[in-house]
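Two complexes come next, and they have one chain in common, chain A, joined by chain B in the first and chain C in the second.
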Partner chain A sequence: MHCFRRYHPITKIAYFAVLFAIAMFSENPLIRVLSLAGALAALAAGGSSFKRLLKIAAGGVITVLVMGPVNCIIFHEGRTVLFRVFGAAVTAEAFLYGLSAGVMIVGTAVWCIFLTDETDSEDLVFTLGRVLPGVSAVITVTLRYIPEIIKKYRETLAAQRMVGIFDGKKFFVRAVVATKVFMSVTERSVENAMDTAFIMRARGYGLRRRVSASYKKWREEDTVMTLLTVTGAAAFAFGEISGLLGFTYYPAAEFGSVSLSAAALAMVCALFFALPALTALDGRIRWQKSFKSRT
Partner chain B sequence: MAKKLQIKDLNFKYALGDRYVLRGIDLELDAGEKVLLSGISGSGKSTLLKVISPMTSPRGGRSGSVLIDGTDVRDMPRLDITSKVAYVAQNPENGIVVDTVYGELAFCCENIGMNREEVRRRVAWTASYFGIEDILKRKISELSGGQKQIVSLAAAIMLKPEILLLDEPTTYLDPIQAVRFLDLVDNLNRDFGMTVIVAEHRVESFAGRFDRVVKIEEGVLLDMDVRTSFNETDMFYERVFALNDGAVNTGDPAVSVKNLEFRYAKDGPNVLDGANVDIPKGSIYALLGANGCGKTTFLRCLTCELKPQRGNVKIRSQCAAMTQNPLSMFIEETPEKDYRFFLKQKGFKKEEADARISEVAEKLELTEDILKTNVLDLSGGETERAAMAKLLLAGADVLLFDEPTKGLDSAAKAKLTGIMKELAERGITIIFVTHDVGFALSTADRAGVLSAGSILE
Partner chain C sequence: MVAGMSLKRIFAYIAIVLLIPAIIVVFAAVLPKSLFMPVAVLIALTAVLAFMLGFEKEADNASKAVLVAVFTALSVAGRVVFAATPGFKPVFSIAIFAGIYLGGEAGFLVGALTALISNFVFGQGAWTIFQMFSWGLIGLAAGLLAPLLRKSKVALCIAGALAGPLFSLIIDVWSTVWIYGTFSLKTYLATTLASLPFTILHAISNVVFLLLLAEPMRKAMARVTVKYALMTSGESLKRRSKI
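Let's look at the complex of A and B:
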């Protein structure tokens, strides 16, 4: 269930801004693993199919397994030398750094997938509309054209296929035709955009300063989510500044601190990453209850 | 009392044109009057509608005046004109500005800086009035053509205009959608006393709905007395099936379809469910049916674009198809350039290509002018014929058309009928799917109705 979608755009923007800051800037492998786990849990709880999750996981595993050795080839720092290749040291620390970086990249990528699943153009238009209503109007007009261009591209390509232009043709000819189709569709879209500009004028565009009147509403759960976001951000900032969530890879891999405080901060971060999955689970439970009451 | 709209001796020519497209137009409309503006393609209908408001007027030279409630529109503040006159374009694809239904409805109000709560109230009311509450949060790209045109109309009336101008609003709609759309226009006229002008070339079908019918011919306005209502569905079953009575099957069919089954979703219902048909060589076959019954799917199965799950299709010669949008047949600027590129890909030398183009152009009455004109500047009928030429250049003996009369006026339709009949006489088999019962009756020599996945003859 896409329960995160129902949050107010500002809530979502705040959450994702903090999330990406933690996921990308933390050096701590534990935080990185928690971020990846949170992202996968969010997708799973959000209703992604098993096949989709398997594809993402397979891609993730490959990336992580590639990053470890690649980092060893490039960097030779670290105290624990595993073996030498042409005289260069391959160290356990460099390998760990590579794996950790791989986890960070995959975690960020999975969060990006979740972000696209849970946000729409209305969020962007709403956020921009408050500050730059003109720019938001241009963006929304552009967003309208993208699916139209794709649709027309497919339609025109199908029309060419139906008159047999591709019959027995090699890749190069197909590519030439496809390029021509793309060019003609783009050119016609520009022509159509002129008609649209005409309609915009008829509907008063440019007469006065535009306002943005989105239907998105601020609810109680937005306040709760924003407070949780602030808590997550504060915990992470405190952990980084105090060094409790720090981690050094070279010369030897070690946590900044192994203490109850550090564990508590890591726990807060874990909960922060789990918020989308928990929201989805909450949505599911509410749905089940509502469904049962009807049957 | 001043008339709601007065057009006095209006003349207009486009900035790049040398002739007047509107000449001495005089028209007066009372508040709440509903007028049908008829005329063939290129007669000046769209230009007249656009010239009424300075907000929609194209660039060019004009004389004469347009008055709303006795005030010349050129002396009115732009905001007043925007609020008083609403315009709905012919093609819903271009008449919609933003990417969501809600955004489209709010667009007008946002442009004039209306209070946010008032915008929300107006959107809610309009969505409820037009019955589009269920699609309010949907993306425009997910809507059908009919829904888009209704959204376009709803967005245009957000500022509660007094005059509503509609430029061939039903051209891209099927008959059922067209009737629903015009019902909504009737409601606006009845409930809010809006003065309505609808440019439309299907006079016979819609004249009965209007207080007055005027005709524009080469830029000159004439009064018409056409009030006959022509209900196409009345004669549907009686005459469509009668087409097959006199038909004779000779020899092997050019197209033979046996037990065709097709569905889009694995567990979904069959769109085509055992469709059978034999179409003789040199015949014109019309396939009719309700919206979404699978006519286009049937055509796509014939072209092998869709692979049926069961059954088979046998076409004994080369076949080529034209989609609903004839413009999609062209990937070059002009028809001539497109034909040359196409024939080059087909392996023809320049001289052979020239000869073929001349032969086909003559057959389809495509003049040198048409061949060298940008495809976007051709009329509906010219685009249709130019696209048809591409099918013939493909060397096809079986031509398939999906809604060939979409957007065509009666003159263009009559020409298309003539050309199809001539091609059939030369042994070319033509199959078209259509909503246009009148065209099917006047053009086809046999017909079928697709219903519940089967073809009834």
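Let's look at the complex of A and C:
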């Protein structure tokens, strides 16, 4: 279930901009862990298969485990010296920083997977269409051509294979044939493009006062999500400026503040990260309720 | 005039290209650690948007807009078709050809849009902005060097071989900041060394694709030029914008 696809592109842009700002720029390991947990929950609630989640988790664990020692090799700051390698100190603080950076990288990467799942080309064209209409038109035409080019390439290659051009040939010869096919597709596409250009011009392309349309409409739930996004952004900004959500790694690892207000701000951030998963859950409950009421 | 661009514009682009690394280096020295990453992202994003806005007027020319779309589509399709061979893709070479035959701005747009659109398949992230900027810059540079690259295959191969390291050096700035949270020569060198195998692979694949595609691409563009009464450079396309 794509829980975020139904939102308006502006709502999505606002949410993801704040999300990436918090996930990438916060130095606090607690916020980084919450971000990673939220990202994994979003993917799971979004209907990702167990196999996919396992694959992502395995890659994530490896990254986090590699980052700790790598940071120790490069940075030697920190009070707690664990041991020395060729005279250089390997410190617990550098190790913690590496692990924390690893969690941030994995968290951001998982959010990027979620972003890719939940956005489509319509969002891109809608967003750019207002600011860069010309570039947006180019993107629209490009999106029309990509599947056509891939399909034509595969068809031509299959035809070449059927007439036995690849039979018993070495890799280099095959590569040359594949490139020739790619070139023939290129020539065809370029010529078709010129015909398209004539048609576009005949239909008034390039005239002023162009209009654009999108099937995405602003709804009540977009207002709610935007308000929640603003709340999350404000909480994080307040936490960073006041130092409540701060964290220092060197010379000794410590939280900016261990207080009730810091915990409350962390809780708000946690809820912000959990929004996609909660949205998906809400959608699922509503669906089941409506299904039951019908049967 | 080079590839459809006035001298003034060329100087403006060179200034931008030199200014961006200079700003990043200055910020690395001046800014607090926590602010460096958002500032780096903002600088790259601003540069990409500036180039895209520069293309807006040219996008009114239907033939040029559609040719840019086709080159981008070919580049994205190439990245997808060669997905099984990481680092060995025709993306650089198509951005270079776009720069040579359609002009520097179109070359930039082809490179930048390839990153933006193909990352819907390969994964979007903050790195997308840096990929857009790096590939775009390669297309722009090809446009600026178009007269030389059109004449000599050796120059084309050298440009392709240099494009790989140029891409890696820019992307590594981002990777360094992302991984270590700050930018220093030591961390940058560590990241650059870690990505060395890919850098070499990029350089090799660029030379291979440029050598294989140069002649067919020249013929294709020559054919279109004759058939549709266009000329090969961006300058000519601009002049004949009535088509």
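Methods note: the second predicted complex is superposed on the first by the 279 of 295 C-alpha atoms of A that agree within 3 Å, B and C clash if a C-alpha of one lies under 4 Å from a C-alpha of the other, contacts with A are read in each partner's own complex, and residues count from 1 in each chain.
Methods note: contacts are C-beta pairs under 8 Å (C-beta built on N, C-alpha and C of every residue); 3 or more make two chains touch, one makes a residue touch a chain.
Every value quoted in this text rests on a predicted model; they were computed, and no experiment measured them.
Superpose on chain A as described above, then tell me if chain B and chain C fit or clash.
On the shared chain A, the partners fit.
With both complexes overlaid on chain A, does A:T156 touch chain B (first), chain C (second), both or neither?
First partner only, chain B.
Is A:R201 in contact with chain B, with chain C, with both, or with neither (first, second, both, neither)?
A:R201 sits against chain B and chain C alike.
Would you sort A:V141 into first (chain B), second (chain C), both or neither based on which partner it touches?
Both: A:V141 reaches chain B and chain C.
For A:A266, using the defined touch cut-off, is the partner it touches chain B, chain C, both, or neither? Pick first, second, both or neither.
Neither chain B nor chain C is touched by A:A266.
Quick check on the superposed pair: does A:K180 touch chain B, chain C, both, or neither? Answer first, second, both or neither.
both
After lining up the shared chain so the two structures overlap, which partner does A:L34 touch, if you call chain B first and chain C second: first, second, both or neither?
neither
Which of the two partners, first being chain B and second being chain C, lies in contact with A:A14: first, second, both, or neither?
Touch partners of A:A14: none, neither chain B nor chain C.
Contacts for A:A277 in the overlay, against chain B (first) and chain C (second): which applies, first, second, both or neither?
In the superposition, A:A277 contacts neither chain B nor chain C.
What is the contact status of A:S121 with respect to chain B (first) and chain C (second): first, second, both, or neither?
Once the two structures are laid over each other on A, A:S121 reaches both partners.
Considering the aligned complexes, could you tell me the closest Cα pair distance between chain B and chain C in angstrom?
7
Share the list of chain A residues that count as touching for chain B in one structure and for chain C in the other.
Correct list for chain A: 121, 133, 137, 141, 143, 148, 180, 183, 191-192, 196, 198, 200-201, 205-206.
Which of the residues in chain B end up touching chain A in this complex?
53, 55-56, 78-79, 82, 86-87, 89, 91, 93-100, 102-103, 106-114, 116, 119-120, 123, 136-137, 139-141, 155-156, 159, 303, 305, 318, 320-323, 325, 327-332, 341-342, 345-346, 376, 390-391, 394, 396, 400
Inside the complex, what are the residues of chain C that reach chain A?
34, 37-38, 49, 52-53, 55-63, 65-70, 72-74, 76-78, 80-81, 90, 109, 113, 116-117, 119-120, 123-126, 178-181, 186-187, 190, 209, 212-213, 216-217, 219-221, 223-224, 227-228, 230, 243
Can you list the residues on chain A that touch chain C in the complex?
Checking each residue of chain A against chain C gives 20-21, 24-25, 27, 67, 71, 74, 101, 105, 108-109, 112-113, 115-116, 119-121, 124, 132-135, 137-139, 141-143, 145-146, 148-150, 153, 176, 179-180, 182-183, 185-187, 189-194, 196-198, 200-201, 205-206.
Contact residues on chain A for chain B in the complex?
Its residues touching chain B are 121-122, 125, 133, 137, 140-141, 143-144, 147-148, 151-152, 155-156, 158-165, 169, 173, 177, 180-181, 183-184, 188, 191-192, 195-196, 198-215.
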